[in-house]
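Below are structures written as structure tokens.
Shared between the two complexes below is subunit A, which pairs with subunit B and subunit C, respectively.
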Partner chain A sequence: MMQFKLFFRKEMLEMGRSYKWLWVPLVFLMLGVMQPVMTRFMPEILKSAGNMPKGMTITIAPPSGAEVLAQTLGQYSSIGILILVLSVMTMISGERQSGVSQMIFAKPVSYVSYAAAKWASMLSLVTASFALGYGGAWYYTVQIIGAVEAGAVVKAGLFYLLWLWFAGALTLLVSSLLDPAPGIAFVSLGAALLLSMASGWLPRYTVYSPGSLPQISAQWLEPAGEAKGAVGAALLCLACIFIFFAAAVYRIKLRYSKG
Partner chain B sequence: MDAMNTGIPWSLIAPLIGLQLILAVIGLISLYKAEATRGPKWLWVIIIVCGNILGSVAYFVIGRKDAS
Partner chain C sequence: MTRELLQVKGLSKRFKDREVVKGISFSIAEGSCAALIGPNGAGKTTTIRMLAGLLQPSGGSVVLLAEGRPVADPRPYIGYLPQMPVFYPWMTGAEFLLYSGELAGLTRREATRETGKWLDAVGLRDAGKRRIGGYSGGMKQRLGLAQALIHRPRLLILDEPVSALDPAGRKDVLTLLQRIRLETTVLFSTHVLHDAEEICDEILMMREGEIVLQGSLDHLRRTYSEPVIRLEVGGDEVSRAWLAAAGGKDFVVQSEISGGRAKLRVADVERAALELMADAVSRRVTIRTLEAGQSTLEDLFLKAVRS
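And then the complex of A and B:
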């Protein structure tokens, strides 16, 4: 426990030093705020884009607040996941390459607490960033588009947060396996994308897949939203995060236990 | 001038612009303090200033060499 605290503080310090605690939440906040603002001004933007034939009118039904929030979550599914993967991908592999982890494991240090500190700091960065961004989106949506039912918003947010946790855990696992940063980004982004696409194509076989979590959270936002298999998917996702953690611990142990 | 005529309420867009400025300024400060970057520093200045969100993100992800 002592070691975990020490490592955790070190991870947090390092994330602060590399400005991650500044730019990741900021980018998430901008992503969240942008969607309601863009939606609100879509008619004006189209009008001033100008290459429309005279007399042509486009009527866009003003979307409801819940729809806008669902679109915001869609933004996080693409750019948000990308930012997340890019910001945590070198957390394990970077220390391996620079020799820091060799130095750490020269001493009798618990592999579990080392990895747990990485996991905990990654999860707190993701949680804080998403909470800030989603909160911003919610605030703007209520201000300029329309009220949304609070319960649905919170539920959708929590399920979406689970999906981001899953993506982060996956990235850290890949980071413990591979060396080159572009490779880590490619593999973990590809796996996350495949999972979420698979639940779009084969909904029958992926009811409990973590990849269906984004859809589940979008479903919560629909009027009278009832999401299928939500609890199962959430539990399986948590189990996956734990398995990824255990696998990464095992991998780190294999690499350094021989000395 | 079209933008003026359509009456875009700047009070709504100002926070977005502000956030973007903050992000760019943080990027520039980090760049100024950094001892070495991947690629020439003046290039990163241009990228951060001109390439709004993505430019700053690209700098933080690719340009920074983590001091270790």
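And then the complex of A and C:
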């Protein structure tokens, strides 16, 4: 426990000094706020674009607040995941490659605390960034588009957060397996993308897949939304995060210990 | 102080189909300073990494004894400095020492005290407040020593501690080591024999994954040194020709001749010196130097490595 605190403090300090605590939340906030603002001002933006034929009129049905929030989540599914993967991908592989971890593991330290601190700091970064961005999106949606039912927003947000946790945990696992950073980014992004696409193509086989979490959270936001398989998917996702953690601990141990 | 601290038995390491360390055995006594010498690729780093617990041996055992009893986890008793120490460039030297002290099990207060002490000891008192990213190679090596020693280990294991340093940095580290070895048992690897002679009393010579020679420095000097005559003659034709022929005399066991210099291993150094001089005078050869003495460890090292 003592060592976990030390490792965790070090991870937090590192994320602070490398400005991750600044730019990741900022990007998430920007992504979140952009969607309602863009939607609200879309007619004006189109008008001022200037290359429209004369006399053309565009009528855009004003979307509901819930729809705008669902679109925001769509933004996080692409750029949000990319930022997340890029910001945590070298957390384990970087220390292994540079050789710092040699000095760390020659000391009487526990591999579980080491990995747990990585996981905990990744989860804090993701949670804080998403909470800030999603909160911003919610605030602006209510201000300029229309009210949304709070229960649905919170539920959708929690399920989406679970999906981001999954993506982060997956990235850390790959980081413990592979050395080159581009390889880590490619594998984790590819796997996350495949999972979420698979639940679009084969909904029958992927009811409980973590990849269906983004859809589930969008469903919560639909009027009278009821998401199928939500609890199952959430539980399976948490189980996956735990398995990824255990696998990474095993992997780190295998590389260094007398095991 | 002849209690054993580390016992290594039949230690081996195999990477795929290549055996890098081939079942070596040795022991290190408490309070001694041992050098693991060998050419590049002899398996020194692999051995060191197994001793530090960073690499799982393919066979054999490494046992560390504390108060005469074997310990289950040797890591609290070992300080380790890798070949090219890498730190977190965004940390300051003091922060890193504090961090490694606490990781090794010191309380916050102890770690703070030891950090100040070791920063002074390795001459980084002012630099300790700066980020490690801006440190020179020598400073990193000294910081590496401090982090290895902060928890007062019984055995300090260093992998090529001075090989990558310039002469000044090297002298700093060697001076430090000389002080440290008074309090701690030290094992370090090097391919520079001179460094080993300067601070060590035990030698382990490795070649191609095997220990080819081991023993105390004095013992090795006594047992393996051979009578040698070093000769240097003038640059004229006659002298050169005479020197080239000198290698063929009956008392010469082995000869190395290059240009105007020769190193002759002989059976009886007194007789050889007399005969050589008499011969040289009679043929009007100009001798610049003639030294009758013993072969150095360097010669022994080269012989062990090449044979």
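Following the convention adopted for this analysis, the second predicted complex is superposed on the first by the 257 of 259 C-alpha atoms of A that agree within 3 Å, B and C clash if a C-alpha of one lies under 4 Å from a C-alpha of the other, contacts with A are read in each partner's own complex, and residues count from 1 in each chain.
Just so we're on the same page, contacts are C-beta pairs under 8 Å (C-beta built on N, C-alpha and C of every residue); 3 or more make two chains touch, one makes a residue touch a chain.
As the structure is a prediction and not an experimental result, all values here were calculated from the model.
Trainee: Per the contact definition in the header, classify A:Leu6: touching subunit B only (first), subunit C only (second), both, or neither.
Mentor: second
Trainee: After the superposition on A, what does A:Thr90 contact: first (subunit B), second (subunit C), both or neither?
Mentor: first
Trainee: For the three-chain arrangement built by superposition, which of subunit B and subunit C touches the greater number of subunit A residues?
Mentor: Counting contacted residues of subunit A, the larger count belongs to B.
Trainee: Which partner does A:Val33 contact after superposing on A: first (subunit B), second (subunit C), both, neither?
Mentor: first
Trainee: Considering only touches as defined above, state whether A:Tyr250 meets subunit B (first), subunit C (second), both or neither.
Mentor: neither
Trainee: Is A:Ser18 in contact with subunit B, with subunit C, with both, or with neither (first, second, both, neither)?
Mentor: both
Trainee: So in the superposed three-chain picture, is A:Val109 touching just subunit B, just subunit C, both, or none of them (first/second/both/neither)?
Mentor: second
Trainee: Is A:Val100 in contact with subunit B, with subunit C, with both, or with neither (first, second, both, neither)?
Mentor: both
Trainee: Of the partners subunit B and subunit C, which touch A:Ser48 in the superposed model: first, second, both, neither?
Mentor: After superposing on A, A:Ser48 lies in contact with subunit B but is clear of subunit C.
Trainee: Taking the stated contact definition, name every residue in subunit A that is touched by subunit B in one complex and by subunit C in the other, in rising order.
Mentor: 17-18, 98, 100
Trainee: Please name which positions on subunit C make contact with subunit A in the complex.
Mentor: 52-57, 73, 75-76, 78-82, 84-88, 90-91, 99-100, 102-105, 144, 147, 151
Trainee: In their shared complex, at which residues does subunit A touch subunit C?
Mentor: 3, 6, 10, 13-14, 17-18, 98-100, 102-109, 256-259
Trainee: Where on subunit A is subunit B touching in the complex?
Mentor: That would be residues 17-20, 22-23, 26-27, 29-30, 33-34, 37, 40-41, 44, 47-48, 50, 83, 86-87, 90, 94-95, 98, 100, 144 of subunit A.
Trainee: Touching residues of subunit B toward subunit A in the complex: what are they?
Mentor: The touching residues are 2-3, 6, 8, 12-13, 15-16, 19-20, 22-23, 26-27, 30, 53, 56-57, 60-61, 64, 66-68.
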